């Protein structure tokens, strides 16, 4: 985020510079290219995994989105993604009067730019059934034409099974969408149950844009499905996310052996993910916990202050990542509330004689009604 | 710009709020609509004219741009424009394999959204001849199909004359582009001379994006052509302009009797414009001068300080607009350099006994080598 | 706010420029002065009054603040105040080992800089009694030494009466402070009642920093006391307010005949004020209402769309001020929620055949439990 | 910088939250403390050293500064310093009418806050002789009273030797200041030559605020003196540096064995420093070079594109630090200009068959007229 800002500075500067050196009223427009850079989102890996940043749900003018596929790749590059999928709607193509419906083209248009910018582009589509049943993203797919052929006649399950036939990774999108506004609740519907039992369903979106589908987190935990976070963007990403103000796009963090499509697939299959939206993370306890401990470190006591009975010890607790953690003390005596902003540290104080404090990380969810609990060791 | 920022605050807030009140894990996604607002760019009118903000040169996926026409209207609304034209290239349509070439569609897709958001949408196209000769924007055009028909066979002049036949307003785009990079200079070419003599040419782009085509300013002044400023954007506007950092898009300021398409046309025909890019304005002296005096006011002396011989008088000089002025003292004794930031004021000091100071406004151009000179009255 | 940002751009630029032109390794440090500017906060006046921006409660190193008086004046200038008072604590001077206690000095140090920058500096002090009773700001005072003399022996009422003897304007600070944390409630205490009955009390702080003392608003309304808003800052103002993010400091808006100390006093005496903090304003209904109508305008219908029964009319509603308004529809049919960001507009839609819509402005308080209600006329 | 921004978000949020939950009009002001955090500036260490961030030159109200010493510690904490010295002028105390001159107090007031926030506070003073000769900072000093005693009678050299007697580390401040504005040049003056020969002088400020004293860099390189960078701030730091826009304060980067005062002293004595201001770094070639290679990494080729003769290889070059590097190609064929923004990466392309490219880092100075040259290996 820092860079995006600095970039603005330098850009303005170079503009003025060119104005200044313009002697004879001639100016080559090619001088004015915008200096692009890839923002590095700092999130450490652990256990031999690196943390990849992925977004597998977004749209272009080829379905109902408002941008060309290259914009999606450009955004991914600037906003720090490692891996992405464009997932235009199969069954919903309102621009078809002007744009020829062919989703292989979406991938083809984007792949050159992705390859040259070190972005892993996964081929995808959104199977878009009247809700309920709902929408399902299929990624790592084959020929998109297979989906379009009889899209209007296919039964819901058959439509999804086409993706299974192509050995796609399939996840259920925003389960609470639309259903909630009809009757105020959303459920584990029959179609999903069937797909789950036939091992066709791989994951569920827990975060979709700025929406937290809480039940989806429990379903993932209870049924060993992969926790996903996506933007589902149709408009320009920067229209919805205030990057200069420090925002990040909603995404899936993947704990992968390598920065390859194969390792991404493996992490998805094995459920090694955490979803990240605004200040919140959500996922299975194992991964949320490992992510926290990889990001946060506490140093030895750097100062001691005499008190009435006991002396108070001072510690610096550091968040080396771009994540955000709010912590509330559960057990022990010490600083009650700690807010760990991205790439920053705080001072924690505690009366001497304790070997740890236990905190609840209220911005980290491991179930719909349960937050991560962590031990902070004191030395 | 202020608002765009605040908006981000509130948006984040409302997101958190919904997270907080989410009881049963159900969340209607429709709650998350982004609060749109139209930013008001503060630039006063004068002499019975209001100052309209226009950009008549930008592209969409229908030629070589990367966004859908609705994005262009959305940007115009948010970024404070009153009037706009989408001007896709007639002769250059690299997306034609995927997007059906029909520029009437560009206008049709945009016009509903424009009408509902109080944006005046002018129909336009860019006649794109191998450079040199160059590119010409035609706005207030009729049926776009007329241009596309024999675009590949038409002679340069015939291509432009189609627009004249439709009674379009025609301006020459970025005259220094490409030519400069070939031989280091750009000239008043024969085609332009013919168009000018036949009264077909209405104006020239002096500012195109971040480029200042200085010779174009002299040509406009000497030949009574209209001074234009445009973004010529292909990508997302916010990708090139740092709005949160206080930037505005390059534009044409029009001094119009009313906020209507007719008044816009009249202002263009009569040359009542100033171009605005980064911290610079450029135009004919009459309009640049009136714009300065409408924007800047100086109050009576508010303080006096005894000096060795004479006392020093203190004045507050205010810039009520979103323009930016850097001024250097030319005649008289007083503050040598004044920088008037948008919507801000400065203190000016001067020894008593003077009734005015004369400044050169180095950020306001009235010829390629001449800046506006202004008198600041002292009371 | 816009300017503060732009300023940063230019500053960086000028730095680079000097770097660039530095030929022989010699550089005059005097070139590097920061370009100061006074930010204009846009809030219109009405009824012949102009809206002045005042903050009458802040501290320096002379009591328990952390900055020199000149910093307070510099902040006022940059952050758009017209009038200010430094109000160091009489009875609390923790820096007295290092800083000589003499509040006449605070005023003397600040007044030259204030005079040269067109800031109205009012002499003040905070009478700081053990709470409860509480703290009282006295502004428009005479010699500060009168207060310090027997500050440790004086009875609470006598301490305040010294200010009355000097014909000061006196207001009760943050009535909920400290008291609330002791017993969970705060009351109209005897000392205040006596001061009120003897017509010594002029107003109460309704907003203190980011705190909204709701009962104070009712007391002001019921007893015809003046509504005040203050920062009460001890630290650097920019440490507490995110100006680049669009924030303004907490302040009192005064509706004054002229921009003079006398008119400020008159406005305070007659209660012509509204307090402003974050996105909220609070005050007596008359002034909150006039402020709203002076800031917001609605144009005639600019578009009409056919509907099933009636057509829908489109209107643009503009907020010409730097205030912020959230509005909820109470009576009539039309857009239910409108958020008017500073200097921006929104589109309002309504079925035809209505001559007005009635909204509640939920960010404008006229009592602790009552928001401003406004009529928006439709044409 | 990211955090400072995010912090603003959360702060605004928490404010609103408290507004919302306020039931009975009672609000404890103690809830409104600003959430402080220490920003981590990312600059890697190397060769067993960690990179500490230091600023050893700044002022408070105790000499001619405008803030209390605690503000200086607060700024250091927020703005990511590890080590700092307050260096009030010995011979210039314009506030002495109001503030008792005793620089031991400056240190005493700051040290508690520094200790509790893990800031290494070094005791210092600025020996301020009429220029020329000039100003000298003495840090790691003993009793400040020694300096003040006969400050007005002491000869220039004697004044500096007091610091030498206390075994202080002494550096020459802003050698070009004032002298330049008198006669356009600055020289290695006799006093400095004497101090140097007697091994009393330890370093010279190459960067002072936004000023680059180029000759000082050559003097440091030729005479093995330590390169220093300082803010020399009198006003609030955030008044001069746009932190939200991505700025950092001018500082000295120290390559230290440990994060202790002893290691800082050792790094200063041994000259293991680089000065950092705006987008520039300056220092001895050894340290500038090591800092570059510790910050920047290039991965293996991730993509290959067939060309006419040779194929082009694509590489990602990453800047893991908060530094900024502009690079121009000197030897080899490939991307000509690379701008490495903080914590970001760029794509570099080169025809196959080369094992390295050589760039000049134009933002990194190793002499007044020489930039760092680096080899970028290609695999």
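Every chain is named by a letter (A, B, C and D) in the order it is written, and numbering of its residues begins at 1.
Keep in mind that, in the parts below, a contact is a pair of C-beta atoms (placed from the backbone, for glycine too) under 8 Å apart; a residue touches a chain by one contact, two chains touch by 3 or more.
On a predicted model such as this, the values are computed, not experimentally measured, just so you know.
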Chain C and chain A - chains in contact with each: B, D
Between the pairs B-C and A-B, the one where more C-beta pairs touch: A-B
Centre-of-Cα separation between chain B and chain A, whole angstrom: 37
Shared interface positions of chain B, touching two or more other chains: 5, 8-9, 12, 16, 244-245, 279
Residue ranges of chain C touching chain D (in the complex, touch as defined): 5, 8-9, 11-12, 15-16, 18-19, 22, 24-30, 32, 34, 61-62, 65-68, 70-71, 74, 95, 97-100, 102, 105, 109, 174, 176-178, 180-181, 184-186, 208-215, 235-236, 238-240, 242, 244-245, 247, 278-280, 368
Chain D-touching residues of chain A, taken from the complex the two chains share: 1-3, 5-10, 35-40, 42, 115-118, 244-246, 279, 302-303, 305, 314, 316, 318, 320, 322, 324, 339-347
